[in-house]
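Read through the structures below before going on.
Shared between the two complexes below is subunit A, which has subunit B as its partner in the first and subunit C in the second.
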Partner chain A sequence: MIEILETLFGLFVCPGFIFSLIVGGLFYWFYRKLRARMQARIGPPWYQFFADVMKLFSKDSIIPSRARGYLFVLAPIFSIIGLLLVVVMLPIGACSLMQSPESLIMAMYFLAFPGLALIIAGVSSGSPYGAIGASREARMMVGYELPYVISALTLAFHLKSLDIMSIVNYQFENGAFLLKYPLASIASVICLLPKICRRPFDAPEADTEIIGGPLTEYSGIPLGLFELVNALKWFIFPAFAVTLFFGGGTNIIEFLLKCLGLVILITIIDVIFPRFRIDQSFKFLLKIALPLAIIDLLRSVIWI
Partner chain B sequence: MSEVIPIGPFHPALKEAAHFELEVEGEKVVGGDFKFGYMHRGIEDLATKKSYHSNIFLAERVCGICNTVHSTCYTQTVEALMNLDPPQRAKYIRTIVFETERLASHLLWFGVGMHELGYDTAYMYLWREREHVMEIMERLCGKRVNLGINTLGGVRRDISPEIIDFINGKLDIVDKVIEKTGKIINEDRILKSRVKNIGILPKDEAKKLCVVGPTARGSGIDIDVRRDEPYAAYSKMDFQVPLEESGDILSRVLVRFKELIESTKIIRQSIKDLPRGPISLEELPFPNKGEAFGRVEGHRGELVYYIKSNGTNRPERVKIRTPSVVNNSSLLYMMLGEKLADVPIIIASIDPCFSCTDRVTIVENKSNSRKTVLLSQLKRRRNN
Partner chain C sequence: MLDTLRKFARKKSPWIMHLPCGGCNGCDIEVVAALTPKYDAERFGVLQRGTPRHADILMVTGIVTAQVKDRLKRIYDLTPDPKYVFAFGSCAIDGDIFNEGYAFKGPLDQVIPVDIYVPGCPPRPEALIDGLVKLLNKIDLKQSIE
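Then we have the complex of A and B:
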């Protein structure tokens, strides 16, 4: 009984939903504030994200008549569930809640949920902008999932293990994988940008081209849920990268500081680049990120 | 299989209301239809009901960003009707304000273009630096947007030596801004890959579509009213007309960029040899019976005013042809075969100004069908 309660607490409060939402919301705010300051603007106050979500939850939600209602509403929930299942597998502060010998494979699957949810949202919304956004996201996924998975598999080949805990424990003893596999780390960080939908890879949500892409028709509570997804993404994707390549953290503070470092890196890239066209970003991911990941995969297979 | 993507009337890429219906196959544009006319304001009709003097204010409100262009063109056309020659000092001041506004307009355009490409940082920086040009306009005219400098037979405000010092100081800052802009355009490879060889308008096609201004000069057509038929004080200025041959978006960007440099040159020259004397004529005659035709080189291209007078204090007919009227028709040619992602920057590349352009829309109330109306059909309609 107590175990079940503990699991539920872990899933919904700490390090699950509420904890990652607060941290993600603050990271999201930090991104916006830093970006604003770098662009000579003032930027929002720290509670902006929470206020936005509260406002959206108190508004009417309109489901367009051309949309497929249940898929339209389920898409953000699908995305949240995927991200929450990842967060319980991450060793935030030395120990993770849910341990399994195949957790790396599971996490890679669940991390694809937000992208899939965006495609479902775009297609089910019945809007041409949504359809274009979904097709862009689908093309982008082909580009970024491959190097992302290969860079993670490099570590699995190195350790002959698919357990995230063993990856972290190895790094506690031997130093971060960033030093051992720099190319795979770079490929993984490049893939973070399209995963969080930031420049130069934000074509699926390009506001000046297709308004909001898949999110064009969303309003009220479903849009609020997508805002939550956004905040969760800002915490969980950097956290996953920190766990795999940047040595994790022996305590929560160290872990969060490393995540913050990645957030700053992503923000700087986001600020200094214009947007790639979809075919350009696809080419970039396959021509630069994929070879980088493959080189390190070969190194880990051959030289170990 | 193609589907129709609507862009507009309200869309983040458009700063004003216009409707584009694009047929796309995947991401490729294969066809399209444009509808303008959402902001038709009946200005030409209104102009016939006001006196020549109040029409200056009306002309200024045709367009926000190129208001001095409109008021200069209007006053020059009316002055031609009145057989007036404004004092030299007034002509020089008109030139200064005209070119300052060109700086403001082009810098604004660069910001918008960067925003369309998703380069928000450059957009924010350029608009912040544009503030210096706005300050020049504020000191010159007392206002920042609708400048209200022109009047019949001259200008309304004089330039004092302090203002000249102020402008000189600000122009040095603007030079640095232009240098930075050039650096962004020339050195950013992603930016270049987004605008190079996109939206090509070849020279013969540009001639066929009668495009004007930077759009024409980007396609290698060497036209510029300031040089070809000088007005205000342009005949005494030494400046180049930038020309690019390739006709893609990059060449239009480069033309505008070089025009920024030329504008600062013109402003410097005209404040250096600003003649002494009065700034406006004391007495104005009634306009002669007849018609007059005036043109100036606006920031978007050649602007034409035609005014017919019947000897009273009100014009009988005022016809305005804004540059965007002709430039808009070239959009479809540029878009065909390009990616949907390039459409916003193609639209932005001609720097369209829809509300000045909007004329008359034919609304068929009975049947809800839409069709293309050819010129011959329109003629038949008129004859019936």
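Then we have the complex of A and C:
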């Protein structure tokens, strides 16, 4: 009984929904603020994300008659569920809530949920812009999932284990994997950008080209849920990268500081690069990120 | 409590959809100037969205032409409640120099309800921000009446 309560608490409160929402919202604000400062602007106040979400939740939600109602509403919920299941597997502050010997594989699957949810959202909304956004996201996914998974598998081959906890424990003793497998780390960080939908890989949500992308027809509460997904992404994807490659964190402060460092890196890349065309980003991911990941995979398989 | 939160959220996050109807693009340039670094409307939480589904404020510039009239009504219906209409520039208010043109189909407030008028040909970006602040105060007032 107590275990169930503990799991529910973890899922909804402490490393789960509320905690990651607050941290993610602040990271998202930090991204907007830093971007504004780099563009010589002032930028939004710290509560901006929460105000946006509250406003969207208090608005009317319209479901277009051409949309497939249930898929249209379920798409954001899918991706929230996927991200929450990942966050309970991450050892935030040295110990994770849900441990299993195959947690790495499970986490890789759940981290694909937000991308899939975007495709579902775009296709089910019945709008041409949504369809274009969904097709772009699908094409990008082929490009980024492969190097992302291979760079994580490098660590699994190195340790002969698929447990996230064992990866973190190894890094506590022997230093971060960033030093041992720098190429795989770079590939993984490159794949973070399309995962969070940031420039140069934000073609699926390019608001100057295809209006809102997959979210064009969303309004009110479903759009608010997608804003929540956005904030969760800003916390959970950097957190996963920190866990795998940057040594995790022995306490929660160290962990969050490392995540913040990654957020700053992503922001700088986002501000200084223009957007790749969809074929350019596909080629970049397969020609540069994938070979980097494969070189380190071979190193970990052959040499060790 | 919930009411205060809602009021706070609506005042702090007005998302704009910029809707150029049939003007000379002078007002559009001023709107863009207000949203870009020099005047930076994002510090008030203003974001420019491309779709009426995301918008709270429809910012209409230019005259209502015969071509755009039905589309304007449709875009107004696409916007989720609560929505506000911002008539930016003299053209949107009364047609200005296009007043007697063959394509002019009435001032904006005879097509869709308008919440705030900002005159000028074109108004400066400061006028946009000033109008926005007045509109946001009006949101406050409107809710207390409801």
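Here is the rule we use: the second predicted complex is superposed on the first by the 304 of 304 C-alpha atoms of A that agree within 3 Å, B and C clash if a C-alpha of one lies under 4 Å from a C-alpha of the other, contacts with A are read in each partner's own complex, and residues count from 1 in each chain.
Operating definition for what follows: a contact is a pair of C-beta atoms (placed from the backbone, for glycine too) under 8 Å apart; a residue touches a chain by one contact, two chains touch by 3 or more.
Small disclaimer: the values here were computed from a predicted structure and weren't measured.
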item	value
Touched partner set for A:I132, first subunit B, second subunit C, both or neither	first
Partner chain(s) touched by A:S61 [first = subunit B, second = subunit C, both, neither]	second
Which superposed partner A:D207 touches (first subunit B, second subunit C, both, neither)	both
Contacts of A:D52 with subunit B and subunit C, given as first, second, both or neither	second
Which superposed partner A:I278 touches (first subunit B, second subunit C, both, neither)	first
Touched partner set for A:R41, first subunit B, second subunit C, both or neither	both
Overlap of the subunit B and subunit C footprints on subunit A, listed as residue numbers	39-41, 129, 207-208, 211
Of all residues in subunit A, those that touch subunit C in their complex	32, 36, 39-45, 47-48, 50-55, 58-62, 129, 207-208, 211-212, 215-220, 223
Subunit A contact footprint on subunit C (complex, rising order)	5-6, 8-10, 12-13, 37, 40, 42-43, 45, 49-51, 53-54, 56, 78, 80-82
List of subunit A residues in touch with subunit B within their complex	38-41, 128-129, 131-132, 135-136, 199-200, 202-203, 206-211, 271-280
Subunit B residues within the subunit A interface of the complex	3-6, 11-13, 24, 26-27, 114-122, 124-125, 128, 188, 190-191, 193-194, 339-344
